[in-house]
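Same chain, two partners: subunit A is paired with subunit B first, then with subunit C.
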Partner chain A sequence: MNPKTKKLLIGILIAGLLVAAVAGVYAYAGQRAFISTLFSGLTLGSLFFMVAAGLTLIFGLMDVLNFAHGSMFMLGAYIGWQFYTNPTFIFGMAPFLLAFGAGVMVTPIIKPYLIALNISEKLQKALPKIAYVLALAALVFAFVGFDILSVANTAMVAATTTTVGNPLAELSAQEPLSTFWLRPFLMFVSGLLIAVASSRPGDKTQFAPREPIGKKLLMPAALLVLTALSTLVRESASESVLLMNGNLRFALSILLSVAFGFVFGAVIEITLIRPLYVRPTFILLMTLGLSYVIRELVQYLWDPLTYQMSRPPLFAQPGKASSIAEWLQKGSSTIDIYGATVPTYRLFIIALGIAMFILVIFVMTKTRLGMIIRAGVQDPQMVEAMGINVKAVFTVVFAMGVALAALGGIGAAPFLPVQPLMGDTYQTQGLITVVIGGMGSYIGAFVGAMILGMARAFGDYFALKLSLSPAIAEASTVIIMVIVLLTRPQGLFGKKE
Partner chain B sequence: MAEKPVTQKAVKKPMKVKEVGFLVFIALMALLPFVLNLITGTGLNEGVTKFWQGQLIAFFIMAVFAMSYDLLIGFGGILSFGHAASFGGGAYAFGLLMKHWAPNFVKENPIMLGNTDLTMLVVLLVVLLVVLLVSVAVGLLFAVTSMRLKGTYFAMITLALSTALFIIIKSTDLHEWTGADEGLHGISLPVWLNPTQNRLTVYFITLAFLCVSYLLLRRFVNSPTGRVIVANRENEDRMRMIGYNPVTYRTIAFVVASIFAGLAGMFFSIWNMSATPTMISAVTTVNALIMTIMGGMGTLIGPIFGAAISQIIQQFFYTWFGARWPLIFGVLFILIVMFLPYGIVGTWRLQKGNLREGWKRLLRLFTTKSEAEAPESGQKPPSM
Partner chain C sequence: MSEQIPGNDLLVVDRIETFIGQFHILENVSVCVPKGSITVMLGRNGAGKTTTLKSIIGLTPPREGKIIFDGMEIQGKQAFNIANLGIGYVPENRAIFRALSVQENLKLAERKKGDFERKSDFIFELFPDLKRLYKLPGNHLSGGQQQMLAVARALVPENKLLLIDEPSEGLAPILIQQMMEAIRKLSETTTILLVEQNFIMASQLAERYTIIDDGKTVQEGLMKDLIEDTDLIHHYLGASIKTRKELEMEHESEN
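For the complex of A and B:
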């Protein structure tokens, strides 16, 4: 038989089976149960996709399996949740990070001059080391006497306790500006020292053209202005953010999470992953260690407790809306869809998943960056020969992947309990999704995520209805993965190597 | 896998040093409980002495498990996240038989040889046999899946398989057999094998287990078969060209590693008198992975070192750094991955010459000042 007809026949067969299965389940479960299970399946699928999208993006270009992805998902949730309920921590830390960033961003300006210096070989070797040590010292001094925990822990309410008060009521007075300014200043100095060290003074093998510095000055200058601003408003800002409209605040926390994820991903890629590209297995181990560190850091800052993020007002009012218009008007917490009651926040998660999918598709197929990434997957050497900085593209891709994870995290935060292990189950499912869909294929990731979500939701439904073991639903995703891998090792949408 | 193999070299002279080190290790470990007893004077089965025996028992068992994992990742170049399946499989096979089968059997069919009761011995032998069979079966299962998949995909399917086993073991339907989430507790053991009553016996049994495993694995790694497994890691296509079937040798590696892991699991369930779902989950595999990486991949002594370090870390980091000790541990792990990619033993072997050179220079620095300047320019200072 002609392979094309064979493929077509198999496709028709699978489609027919699928339709029959859906019709069978529909007839068996009845409309109401079917629709509500369908929506919980879609929600789960969206959540899986949010994790899998970043994983598959990173794997596709860099062949890096990021085992810290679940932790980054969790970190995104924590950052967004902090901004939404208790911005003291964000505003307390902002001057430090911004000042440090401003210092580091000076690198492209000073590099051309530093590498042109004529210094002895010994000094060349010693200078970066000395600068790194000094930078570390400055960093430590900047935090001496600064109580991070009290900023992070201000009036945190765990999900287990019910008392919810004004989050800022317990806020202890912060340091006066007259002494506080020294901290961001030290951070800036630390960043500058790192800029000096990383530009390798006197090293003639390095290359950096002397271009007009006008454009390069923009970034550090902007960061410095932001530092000054955030230093001034570090106490008052939290309150004004909390007084904001809840929906706006939620939108802002999503933006903040994504931005944080992007910067965090870029920093991780440049400092930790880039030196390890020559040893791919070690990247995997590194991300494993990284996930430990992130998880423990979060537990250190916010205690190993489970928190509940309240839903934004658009999804919070009790009552059932009969139509989407009514929901948007009243902000009801549930909505009636063909007789089934569906929480409106689930609709938001589904919409977020689909929006992410469209965004990824758009970026990958319609923009210049996407073109470069796709070319980089096929032949990185050739792309480099074309004059594109593949290293920088790698950084951007990793940062994008982490930003997607953070977006998923904050999107899921009002829906899932916020706790240090919240990302881990989703990471496992995300990895399975990526394998089912084919590594590096984002369409595959979407289809795989939806298949897994449906399998979980309907598995749970049937387990409950037929009083089977819930282990069946839990194991169903693994079973699907094993079947897919053994019949089509490259995944549903993966290309054969 | 690692591009520079750090394998054991069959050079004649260092072999001798290694033997001496090995014997010293055995002697030290064998004497330790008695020395501790002399110092503290609390008795062999009491207090500090007993505590340290317990620590060392766990170390011996985990060292064998880490060595068996290193056989896969270090020597075979196979990244598997499902190695705990063998470990937990052995533990559960032992636990289930000892809890649900052995007591009845002992009661109903006493086997006597003259006046001595051999029932327990027969039971233990049968259980050992079953543990071996289960381990071989698990090893074969992973070997079969490795036939179709490579690299990352294989790592993923092993993760999935071990997750599936984990889900099965802790499912509530099997509660009366496996104890579901809480695990299998209260395994009945004969008095002489009971770690709370007769810890010293268990101590020496596990010490012997480690030594025998080490010798067997060393023999295996240095045998022609072991060499082919290493070659398979380096270049599979070339191996096939020469006429070795990579699948056969991978299967051998899987089965051998699985047997040792299964036995380690069995001893671990003797030591804890329980078998828990965690033993079968990916966390346990990752622990072995961390031990192997810390000690040095592709060496047999490395995982033993790694197991010792990880045991120390688990014991003392909590008292030193409080509840958030994994933070320090994670940072340490990242640093090792970044700067000591061959682990402690591997880096030591690579840098041995360098270190010796540096040591000589240091000595020269103290003896005569003028000579010290001369060799400065050429040599790189040791980075350890």
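For the complex of A and C:
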């Protein structure tokens, strides 16, 4: 039998089995239970995909298995939840981070001039070190006397205790501007020093043409303006955000989480991963360690507690809508789908997952970045030799992966308890998804995620119905992985090496 | 070494030493590539020709020595920066991107938006086959077609210098002819440093040669002198004895 007909036969066989299984379950469970379980499966699948998409993107290009992905998912949830529930902490930190960023972003402007300096080799070696130390000192001074915990804690207390009234009522007054301004200023100086250090003054092996600085000026200038703005409104902004329409506030939370994930990812890649590309096992250990650091940091700021983020108004009104139009109009919390009652927020998560999938496909197949990524998966050296800065592409891809994880996190936050371990299940399931789908394949990640989601949902359903242990549902995903690995070691959509 | 016109060299590789891991691959390689010419690098398998090209483009940066391109020292700079100065690299073994279509392979090579549109007529005139294969994924091309695509890719942006590594490798004789024509046409506008085992092809194309042996430059000069020097060819390019015979036959048929 030639391999093509064999493949076709196997395909038909699997499709037949699948149809039979679906029909069997449908007949057994009845329409209502079947549909509501189906939607649970799709919801879980979407969440798994959000984690797996970033994992597989990063692994495909960079061979980095990011064990901190689950923590980044969690961090995305926390950031979004904070902004949605009580943005005091976010606004309190914004001037610091923005000012620091503005300083660092000066790098491309000053680098060509610093490189051109004629200084002795000794000084060349010493200068970056001195600058780094000074940067650290400036950073520490910027925070002296600033009670970061109280900023975080007020937010926490407000978020947990006040469902009624103004969550900002308990806030203690903040430092007056006349002294506070020094803090973002010091952060800016710290960023500048980092810019100096990382430019390696006098090191002529580097290459930085002196292009017109117009475009390069845009980024630091914009950040400085934002710094000034956020310094001025650091107290009043929280209140106006909370007065905002809840749906809009949720949309902004999503944007903020994604932006945060992107920047965070870029910073992690540049500072922690880049120096380790020559030692791949160290990267694995580093990301594992990073996941603990992130978790501990979150516990330190917000205590090891569990929070429940309230759903945005569009999904919050009690009552069941009979149609999508009615739901959108009333903001009902559930909707009737062929007799089954499905929480509307689940539809949102499913839609988010599908939108992400389409976005990833679009980027990979239709944009230059996608072309570079697909070429780089095969031969990064050749891509570099064509004049493309592969290092920068790695940074962007890692940042995009983390942004996807953060998007998953904030998407899941109104649906899952927000707590420091919330990403762990998704990390594991995301890894299994990637293995099933095929390392590096985003279509595989989507199909794998949906298979796992269904397995979990229907596993749970049967475990409950037949009073079996719920561990069956969890085990089912691993069993699927084993079956896939035995029959197709490269994963469903993976390419043979 | 031999006659050089200072100031007219587009590329000067000056006594470079390159390590791969702890292996000392290039021990002392020097190459001069005068502007507007084809210079060929000869040497046995494993002599270090490919490594020399990779050292120039920055994929295996040299630890010692200088590389001067267009009056600027480029050793130690990052590969993408070097490429962007106007150097195109055609790797050996047809390293095209298999997951990308012919079109995408060519588009990816753009350095400025619209590079490909500007050059497409020129490219398709040199390699008419590529026009027909435009939409096919790279892994559906035959070996020869991949080789053409690899060369075509380096023609998309404006390059001052092309580094071409064994373009005739594994091509049928008729395709070798076509490739030679293409390279000759290219040399009208671009300086070329060529690595080529096929001595006939090398000797017909190049004005200058450099012989590398065991990681060292052992001889360089004008191609017309090398053709006369059968001992030298025999000594360093042992494998090409047959090529020499073929050459003599050709000379006979010409006379």
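Please note the rule applied: the second predicted complex is superposed on the first by the 487 of 497 C-alpha atoms of A that agree within 3 Å, B and C clash if a C-alpha of one lies under 4 Å from a C-alpha of the other, contacts with A are read in each partner's own complex, and residues count from 1 in each chain.
Definition applied: a contact is a pair of C-beta atoms (placed from the backbone, for glycine too) under 8 Å apart; a residue touches a chain by one contact, two chains touch by 3 or more.
All figures in this text were calculated on a predicted structure; none of them were measured in a lab.
J.: May I ask you to name which of subunit B and subunit C touches more residues of subunit A?
T.: When the residues of subunit A touched by each partner are counted, B comes out ahead.
J.: Regarding the shared-chain residue A:T428, is it in contact with subunit B (first), subunit C (second), both, or neither?
T.: The first partner, subunit B, only.
J.: By the touch definition at the top of the document, which applies to A:I479: first (subunit B), second (subunit C), both, or neither?
T.: It touches subunit B, and subunit C stays clear.
J.: Based on the superposed arrangement, let me know which partner A:T281 touches: subunit B (first), subunit C (second), both, or neither?
T.: first
J.: Quick check on the superposed pair: does A:A94 touch subunit B, subunit C, both, or neither? Answer first, second, both or neither.
T.: After superposing on A, A:A94 lies clear of both subunit B and subunit C.
J.: Check the residue A:I254 against both partner chains and state whether it touches subunit B (first), subunit C (second), both, or neither.
T.: Neither partner.
J.: Once chain A of both complexes is superposed, is A:V377 in touch with subunit B (first), subunit C (second), both, or neither?
T.: second
J.: Could you look at A:L297 and tell me whether it touches subunit B, subunit C, both or neither (first, second, both, neither)?
T.: After superposition on chain A, A:L297 lies in contact with subunit B alone.
J.: Just to be sure I read the superposition right, which of the two partners does A:L114 touch: subunit B = first, subunit C = second, or both, or neither?
T.: After superposing on A, A:L114 lies clear of both subunit B and subunit C.
J.: Just which bits of subunit A does subunit B share with subunit C as contact spots?
T.: Dual-contact residues (subunit A): none.
J.: Please output the residues of subunit A touching subunit C within their complex, sorted ascending.
T.: 205-207, 368, 371-372, 374-375, 377-379, 381-391
J.: Provide the residue numbers of subunit C that touch subunit A in the complex, in ascending order.
T.: 57-59, 75-81, 83-84, 89, 91, 95, 97-100, 104, 107-109, 111, 153, 157
J.: Which bits of subunit B are touching subunit A when the two form their complex?
T.: Per the touch definition, subunit B meets subunit A at residues 1-3, 79, 145, 148-149, 152-153, 155-157, 159-161, 163-164, 167-168, 170-173, 286, 289-290, 293, 324, 326-327, 329-331, 333-334, 337-338, 341.
J.: Can you list the subunit A residues touching subunit B in their complex?
T.: 59, 63, 65, 272, 275-276, 278-279, 281-282, 284-286, 288-290, 292-293, 295-297, 299-300, 428, 431-432, 435, 439, 469-471, 474-475, 478-479, 481-482, 485-486, 489-490
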